[in-house]
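Next, two complexes with chain A in common: one pairs it with chain B, the other with chain C.
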Partner chain A sequence: MSAVSSWVSETLVRDATERRIFATLGLITVLLVVGVLTGVIGPRFLLFQIALVGMYALLSLGLNVQWGYAGLINFSVAAFWGIGAYCAALLTAPNSPLGLGLHPVFGFLAAIVVSAFVAVLIGIPTLRLREDYLAIASLGLAEVIRAIILNEDQWTAGSSGISGIPELLSWLPLTDAATTAAVVVVLIAVVYLFLRRVHRSPWGRVLRTIRSDEDLAKALGKNTYQFKMQAFVIGSVIMAVAGAFYAHLNLYIDPSDLVPLTTFYIWIAVILGGTGSNRGAVVGAAVVIAIREGTRFLNDIGFIQTLGVDLAPLRLLFVGGLIILIMRFRQDGLLPPKDELIWPAARDGGGAGGASASGAAPDGGTASNGGDDR
Partner chain B sequence: MIPLQVSPFQYVANGVVFSSIIVLAAIGLSLVYSIADFANFAHGDLMTVGAFSALFSVGFLRPMLGDAGVFGLPLWFFLALAFGMGAAAVISVITDRVVYQPVKGSDSIGLLISSIGVALVYRALVFLSFGTEPERYGVPRQGPIPWVRETLGIAVTPRNLVVVMLTVVLVTALHLTLTRTTLGRKMRATADNADLARVSGIRTREVIFAMWLIGGALAAAGGVFLGLEELVRPRMGFDILLIIFAAVILGGIGSVYGAMLGGLVIGMVHELVPLFNQWGIIPVGSRYAAAVAFVIMVAILLVRPSGIAGDSG
Partner chain C sequence: MNDDAYEGARLGKSDVVLKTTDLEKAFGGLVATDGVSIEVDRGTITGMIGPNGAGKSTLFNLISGFYENDAGHVTVNGEDVTDLEPHERARKGLVRTFQTPRRLEGMSVREAMLVGPGPQKGESIFSLFFSGSDVTEEERGNIEQTRELLERFEIGHLIDQPSTDLSGGQMKLVELARAFTTNPDILLLDEPVAGVNPTLANDIKRFIRELNEEGQTFLIIEHDMPFIMDLADPIIVLDQGKVLMEGSPDEVRSDDRVIEAYLGGAGP
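Up next is the complex of A and B:
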């Protein structure tokens, strides 16, 4: 037990703000559990929301690799998400225009390959240039991909969408909602641990250097273009995996979710959570889902219906205002990265703490000097 | 199916009209890019705000002025255009004071992300005040000018001519401002090197103020013309933003004259896509006109990232 509590105090609650944020999150979790136990919230609904939060968390982790680690402005999150979702839907749904009905594994593989290919294609002209070129080009890419999916209905079923996507792992002895929630938790855990590992590696430190001062990284002899390309591809692939997962969660996909607003939701999740912080990305994703679903619930309240206000524009106003306010007042976000780059062993002075004995890594000794290059 | 016999010159004529709209929008975007030094993603929605402000003013201008007209368009339309330009100019100055100035400490990336928030807020406000349905200014429908049709075989309406002529007037006025006035010289100096300009005693605050006024007014003019040619829609500005960026990048980021040239080329290509498709040069039709503009932009980034007119990048 003491190992658990020391892990919590070292990784989750290191100062008053973080303690307050995690206390709030804990309170919300308790309320949700109480809600399920008393029957106010259906467990199926809650599991679906958890899966949705998980998908947003994956997207945020993907964007965090690009924007948080390397400072790449990607405005085509929705497009890479859509590529993943459509790869999964087209290959696995029996009644898709391709009509293949393959195993979901092939959908995920295709999502990874296609998204990596598209990411390289858009990275080649833009990543050598100033960072805002990527912002413009990626917004264009998103619109082009949406136009292709909408117009080429002989391949993508256009605006009518694809239904009949199979569920994941239906042989598991769980309800379908519980299975998808379990899948997304595993996906997040894998991605999170992978990103933590690469972020602490020399590769991660070069990326952080590029973000704060690209000329410095160049002067140190790093091929910054290659590093940025790798970060861009990794992030895009994670987004496509999230999309493929969504296809199997929602069992239906159409192009209406590929709009730029989806991209900006993920941007809010990342900058609200704390640019460069993976914990923040996950928390930010939960907050964004709370905003989206919360405003949807407002529609069901009788009083607001009598006002006759359409809530979609209000949500847009709220999202826009939130971006402006974060950029003005709290650019660091809720959970800014602190010493994520430092191996626990190095922080404790050579592995004195019991919890971090297993954290000593081959390059642990050299990692400690990369901690605060922001 | 009756095969449509459309003269190639018809596409060129459409291209000139569409180019005018893109040129007006691209100038403002380029000014902000060169002087305030960030990619303003709210510029498209600023066009929308201008177009809807003009629509709002039509509500009281039309009963006041009746249907007396000049150049084949009712007089109230020209006043509504002026109202829209003024409103967008004021709104963009206010936005700068309320949103962009306070983030000034941060880099151009912080401003870029803030401008996304501004774009969403603009669009939400348009939705809330005017609803989601497309609107029209209610300018009476006009046929093509008969003598143009007889001599050249193409359909050009008086409103097409007004759009192009007013664009020429506005662009000429801007050119004279930039080259002949003290304010214009200050603006060019600030765009070139803001620190040097400040050291030389130029009040850059004034320059930035003027930049937002001019950029906002020109964006609104583009928005009103787009609404006149097509429909006044809440998403019209954002949908066209990519094409405007393509024009600015083609011309060379930060170069106002490059933006004019880039706007002309991109606007023309956008309208010539169906013609190129007929001739078999490109395999896609007008549904992909924006995608073609995007491909041109990417090609420019690969070959000559500084654009046609830019030399410093």
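Up next is the complex of A and C:
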């Protein structure tokens, strides 16, 4: 247990404020568990929310690769999410217009391939230009994808949507809600570890340099177009995987979720959590979903009922208020990125090598520890 | 850094590192670069001066590939690089710094420095997963090199600072050090001491001289006359998009055309 807590404090928590943030998150978790045990919250509902938070966390991680690392302004998060969701729904639902009823694995594979293809297609003309061109083109892409799905109903079932999407891993001896929650936890773990490896590396550093000063990266011999394309494709594929997962979570999909609002929830989650921070992306997604879903129940509170106003539609106001508070008191987000660009083994090994090689190493050693605590 | 490697590289290459032939660039009706032909010999610190609007920065951008030229050629080590992108030219050994370095947000000095060496194995996602130990080994080497270089430039204590916290002068030093880690054949410095306090400017001068003694070739734009006159030889004088003259600092100082065009009749 102590080994676990020391791992947590070393790899996740960087300073006192972050300790308080994690303590708050821990407290909320405890409250939720107590809620489930006392029967206030249905376990099925909670598991569904966990799966939903997980899906948003995946989307945030995807956007974080693009915006947080490479500085790519992608306003088509909902479109890539929709591509993933529709790939899964069309291929796996027996009563979809394609009527194939394939195994969910094919849905996920199609989501990856199609989203990568679309990302390359939109990246080729825009990634060589200034960053605003991708922003404009991606806004257009989001509407184009939505319009296609809405109107080409011989292929996509249009506004009536696709139902009958099969559940994932239904052979597991768990309830369906528990299975989807487990699946999303595994997906996040895989994506998180993948991103941790690629970010804490020369690759991650080049992307971060591009974000601040693309000309500098070019002057140092980096093919910035290639790096931006890789980041854009990786982010888009992660978003599509989140979409495919959602299709199997909700078991029904229609174009109404492909609106820009979905995209902006993800932007808010990334900014809230700390642009460029993978930990932040996950926490930011949880906070945004907590507010969005939590406000549904505001009207059930007796005191508010006596006021006779409907507070639930004010959820965007709450999100906006939170953003203002964060920007006022913690500009870089809840869990901003720190020391996330060098693989720990390389860095620590480098310090130790220095210790035996030169007398100035103690200085370097303490300095690098200081960096972690900063 | 590595003398053997440098000598080895040097043997196969001509003694002119950088050459431009009749470079031309016009912005609308304004001819910013008007048939500029210069040569930078290996092992020199070549200075480039000229009044505001003489076309120094434009020429730098043409040489490094950030602007496309209308006519003429750029060659590095005898190889024509005119049609190459900026990053391709950098890989041919032509590396530049910028007049106003932008801070790298969210990066420590160490991390900002580590962008320099290249191409690194760890820049490929495939290598990160399939030859991770090679990547880690290379990283350790680069981290060690970074630490040594920063200590040599007397800013070793800044290695863990966020690069956003550095002063303008310190940032210029980091820029110089980072550009040097690319192992360039020629370093183009765009006003390396603009806005830097005199003490630090002297340090920068000393470091440039040291690197030069180890064989590093420089081409430097600088407005600070005492600085460039003390450091560079030869000096190229640009005026109105053309090469006005080229010569030693003394020749430049005493040249009537330079005094008239650039110094407005007053001595340097």
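Here, the second predicted complex is superposed on the first by the 310 of 374 C-alpha atoms of A that agree within 3 Å, B and C clash if a C-alpha of one lies under 4 Å from a C-alpha of the other, contacts with A are read in each partner's own complex, and residues count from 1 in each chain.
Operating definition for what follows: contacts are C-beta pairs under 8 Å (C-beta built on N, C-alpha and C of every residue); 3 or more make two chains touch, one makes a residue touch a chain.
Given the structure is predicted, the values throughout are model-derived calculations rather than measurements.
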Practice task
Figure out whether A:R146 sits in contact with chain B (first) or chain C (second), or with both, or with neither.
Solution key: neither
Practice task
Please work out whether A:R328 is in contact with chain B alone, chain C alone, both, or neither, and reply first, second, both or neither.
Solution key: first
Handout entry: Partner chain in contact with A:A219 - chain B first, chain C second, else both or neither
Key = second
Exercise for the section: Examine A:I271 and indicate which partner it touches, taking first as chain B and second as chain C; both and neither are also allowed. Expected result: first
Practice task
With the two complexes superposed on chain A, say which partner A:R197 touches: chain B (first), chain C (second), both, or neither.
Solution key: second
Practice task
Look at A:H248 in the shared chain and tell me whether it touches chain B only, chain C only, both, or neither; answer first, second, both or neither.
Solution key: neither
Practice task
Find the residues of chain A that appear in the contact set with chain B and again in the contact set with chain C.
Solution key: none
Exercise for the section: Could you please specify the touching residues of chain A with respect to chain B in the complex? Expected result: 71, 73, 122, 124-126, 128-133, 135-137, 139-141, 143-144, 147-148, 151, 260-261, 264, 267, 271, 310, 312-314, 316-317, 319-324, 327-328, 331
Problem - chain C-facing residues of chain A, complex - result: 197-198, 201-203, 205-206, 208-209, 211-213, 215-224, 227, 230, 276, 336-337, 339, 341-343, 345-347, 349-351, 353-354, 357-358, 360, 363-364, 367-368, 370-371, 374
Fill in the blank from the handout: Contacts from chain C onto chain A in the complex sit at residues 64, 66, 85-88, 90-91, 95-98, 101-108, 110-112, 114-116, 118-125, 128-129, 135-136, 139-140, 143-144, 147-148, 151, 156-157, 159-160, 178-179, 182
Completion exercise
Residue positions on chain B within touch of chain A in the complex are 38-39, 41, 99, 102-103, 106, 108-110, 112-114, 116-125, 127-128, 132, 238, 241-242, 245-246, 249, 287-288, 290-291, 294, 297-299, 301-302, 305, 313
